[in-house]
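Multiple structures follow.
Note that chain A is present in both complexes that follow, paired respectively with chain B and with chain C.
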Partner chain A sequence: MKTVFLKSYKTILLFFLLFLLPVALNKPFIYTILNVSGINALTVLGLLLLVGYAGQISFGHAGFMALGAYTSAIVVVKLNMPVLIGVLSGFIITSIVAGLLAIPVLKLKGYYLAMATLAFGIIFSKLVIELKELTGGPVGIGEIPPFSVGDLILHGEEAYFILIWSIVFIVYQFCKNIEASHIGRMLKGINTDEDVVSCLGVDVKRIKIIVFVFSAVLASLSGSLYAHYMKYISPEVFSADNSVFLIMMVFLGGTRYVWGALLGSLLLNFLPEVLRAYKDYSIGLYGLALVFIVLLMPEGLSAFLVKVYAIISKSFKIQNGVPS
Partner chain B sequence: MNNRDNFFQAQEVSKNFGGLQALDKVSFGVEEGQIFSIIGPNGAGKTTLFNVISGMMPCSRGKIVLRDLPLHKMNVCSISRAGVARTFQNIRLFPNMTVLENVLLGCEAKTVQGFLFTGFGIPTIRRMEKDKRERALHWLDLLKLADYNDEKPTSLPYGLQKRLEIARALGTEPILLLLDEPAAGLNDVEIGELQKIIEMIRETLKVTILLVDHNANLIMSLSDFIMVLDFGKVLTMGTANEVRNDPRVIAAYLGK
Partner chain C sequence: MEFRDFIQLLVTGISEGSIYALIALGFTLIFKCTNVISFAQGEFAVLGSLLMVTFSEFLHLPIVVSFVITVVIVAGVGALFELTTIRPLVRGSASILNIIIATIGVSMVLKTLAKLFWGREPVGLSSFGGDKPIEFLKAFVHPQSPWILSLSLVILTAMIVFLDYTRQGRALKACAEDAFAAKLMGISAQRVVFYSVVLSAALGAASGILIAPITYAQYDLGIIYTIKGFSAAVLGGMQNPLGAMVGGILLGLLETFGVFFLSSGYKDVITLGVLLVVLFLMSEGIFSSKEKR
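Coming up: the complex of A and B.
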């Protein structure tokens, strides 16, 4: 544990800086964007493993977020259970649904896999709207109690920031460990040439299902946190568009570095806010910004920033007469 | 079938793709520690045979048995874990990973995956990683690729890429190694080195080898036994000398 903290002091420092950002800019509403970014980042980290590394495209993960959010909301609001039980129930139900879905769906590849997962997302959306007694239909579920552990009830943006970004920190370390391990190699191998990976004795089917369910459970966690943070959920929050958004966060952030997932989430959550000042032009500028990123940073924002940093530090060394 | 061939046996293996009979009742046996070569004109069914043995394709009919294990009933992953490894005619390395990582992937097959343990950074997993790394470095060293550990495979010359595929296959610690045209595209010097490597694999590592290639010198110098395929059927089988002088083999290669 100690070594994890020591090695990740840079990450902890960055999180701390993020925490101070709203205070520094004297705009407390930034906490909301940071918190939603953190919530999304959990799903994006899962998708980084599934889509970014293993190449198994999924356009249905907003559906898993919804599963987590609605399960937790229903268990807590209608069954009067504690929040942690709600979140845990979300995990259980999501793993079962994701596991059952994964078995047929992961036999598909490429566009077919994309369509199948998209279909799941849409079907789930419709189900949420139809099952009015359970989910509140289009109106959604309101007055969801805040996140609490026993008697400790969370109030205020700062408290949620600490909760959300602590969880992000843990999941981030987990994903970094996976990426650097034999599992990371297997996932990247599966993306390149699944049959050869099988030929090397790896149980490809099993690993794909494990990663799929893992990413779904992370999405479920995202959803549950969202429900207890916003205290209100409705079908629009978890529509198919959001699934596409999540995939965009993975690739615009970049898959070369695991922190690309965090960057992607921050980027796509802040960009609309930053452009809001431009009112009528905001949508056009948003599109332009995305095109700009895709064209100039094909490996994502994270890889681009690392390259820029390398160039700057190299020229700095040359200026100071230090041979590079 | 000869009793000595109870290491590996193919019995009446057939494979058809719709109307095309790619393999037609191919039967042969291989003794442990042999270098058994399969030759024939292009389209004879040699790579199809390898695909069927390694499980990448199911056979339409017949049996494939490795030390009493019915390979024809098993999937690719199980066949690999039973000790069968292969290389590919057109190199299939992982271009986005380093040379070392390519071989590491070969060594991981027998690892218990432990998703949660790995994610939480449990020390056992890290120790296993260290062991695997040592094994991978050993294979790279053995095949004289150690200088290229951190390079990407695409930056290696063609001959070394072929050697890397062999290193990766050896990483799975097979008892039966299928080499699919390992000499294709190699110059004479590289073929000489390849021959030494294949002999080393047989002598030192005690791996049985099924070899498919078009290079007559290589086949004649290395093989204990040769099987000739033509149009998916076994034309003849025998030692290098027997096959070399067989008029049917000459006709098959030259008469087309």
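Coming up: the complex of A and C.
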């Protein structure tokens, strides 16, 4: 037990600091921003496994978020089912759709995979607008009941903050475990050289499909949470632009460390608040940042920060007469 | 469907298809030399259409003059794009994933610039020969359609002549055939890549200008142009200008006839569906190639 705790003390510290964040910053809307960051972080963690580790890009994950959000909303609002049933049916439908898509899509590589998933993302968002009877068309679905388990109904930003970030904590720990396991090594192997990994006896196709479906289900969970948290969903929230945004979170945060996913989602949700005065150019600034990140630090901000930290701590040790 | 409708759809399909073909041509030009597919390709079309509106509608310059100025400016933006993004990426032999991310970054920058200068609202451009619909075999077609057809044919012919009969063009073809062998023959790969990116930006601008009277010009159409041009390129097999042309026109026809039988809301869904079917089933396009997907 002790070793387990010691191993994850950094994680616990990280989340302890995160939970302190709203108290420390004490600004209006801080909970809203943090909650939306947390919701995004769930999808980004899944994408980190799929894109960052396995190297299979997807520009369609906003579509899976939409699938989760709309299934959940339709089941709860139109069929009067409990929220948990809504979330679960989101899982089921998303995993079926993602599984069926994954079989042909993951045969593609590189640009073709990117374009195919982008195509799916756009098709999803167009279908959401066109299937008016089911989705409410461009207007969306409103008056979605809050998240509840049995008689326990969630009220207030703080309650959602605890719920969302607790789920993020669990998923984060899960992703870290996957990274450290043989599955994580398989994923990284697929990214480096698929043929070699398959020669070593790994069923590459199966692993890719599993990781794709897993990340899609995470996106569906974050979509459902979004629906019950915001209580209103409309097509533009799940547009193809948003898929690009999610991928940006992955790459800005960096794919080397799992916490890069958290960094990316927090950063890209806080930046719009900081850059409120430059709202019109913000997208362009993000684009510029992306180009710089790719050209100057292709492993993203998290790896960059770790490097900086290593340099600082090294020089600090030398100053104190303890050269390492 | 009446014969009149059929003619109307045919003309619309072929003219919209030629636009996709021009963008597709831009994709193939860059791809064959560098193995780079730029996700910013559609933004050049958007820039072209918006600049054209400024010069021809607001500054009242003659159409030919505005056309030339616009293409030159957009080609300049393409040159800048090559120098600042493509060149470092190719030099650092960046992974495909990083190329995708960087070019998407560029597309976001261009989109934002377009929004800043021209605003969110779509702006219209009148057809080159007046806005009166043209009667053709009892069908009414958009007055811009004949312009699109003839001009894109001219551009395609010019491209083929350029590739086959000029020094730069042949260097480009050689580079596309075998970059390493071309290097050994003393062809500067860097210069060829520069040409091809500038050229594809100019092609994008031309396509944006030609389509603007039909679809309006708006800052956020870039991604749609990108994905449709790419679909056309894939349909044509990513190999030669002729393939891109045929792929584009086929796509345009599928789209217009599809919209006739379904509903206009499904226009993009049809194109993207075609892209997916081609990618899944005929991964080598209608003209076979040895390219591995």
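Keep this in mind: the second predicted complex is superposed on the first by the 294 of 324 C-alpha atoms of A that agree within 3 Å, B and C clash if a C-alpha of one lies under 4 Å from a C-alpha of the other, contacts with A are read in each partner's own complex, and residues count from 1 in each chain.
The rule we apply is simple: a contact is a pair of C-beta atoms (placed from the backbone, for glycine too) under 8 Å apart; a residue touches a chain by one contact, two chains touch by 3 or more.
These numbers were taken from a predicted model, which means no experiment stands behind them.
Shared-chain residue A:Y111: touches chain C; no touch with chain B.
Comparing chain C and chain B on the residues of chain A they touch gives the larger count to C. Look at A:G284: by the touch rule set out above, it reaches chain C but stays clear of chain B. When the two structures are aligned on the shared chain, A:I129 is found in touch with chain C, with no touch to chain B.
In the superposition on chain A, A:S198 makes contact with chain B only, not with chain C.
Shared-chain residue A:V244: touches chain C; no touch with chain B.
On chain A, the patch touched by chain B and the patch touched by chain C do not overlap at any residue. Interface residues of chain B facing chain A in the complex, by the touch rule stated above, are 54, 56, 75-77, 80-81, 85-86, 88, 92, 94-97, 101, 104-106, 108-111, 113, 115, 118-121, 125, 129, 132, 168, 171-172. On the chain C side of its complex with chain A, the touching residues are 37, 39, 84-85, 88-89, 92, 94-98, 100-102, 104-109, 111-113, 115-116, 223, 227, 230-231, 234, 263, 265-266, 268-269, 272-273, 275-276, 279-280, 283, 292-293.
Partner chain C is touched in their complex by these residues of chain A: 51, 55, 57, 104, 107-112, 114-116, 118-120, 122-123, 126-127, 129-130, 240, 244, 247-248, 251, 280-291, 293-295, 298.
Against chain B, the residues of chain A that register as touching in their complex are 4, 173-175, 177-178, 181-183, 185-186, 188-189, 192-193, 195-204, 206-207, 210-211, 214.
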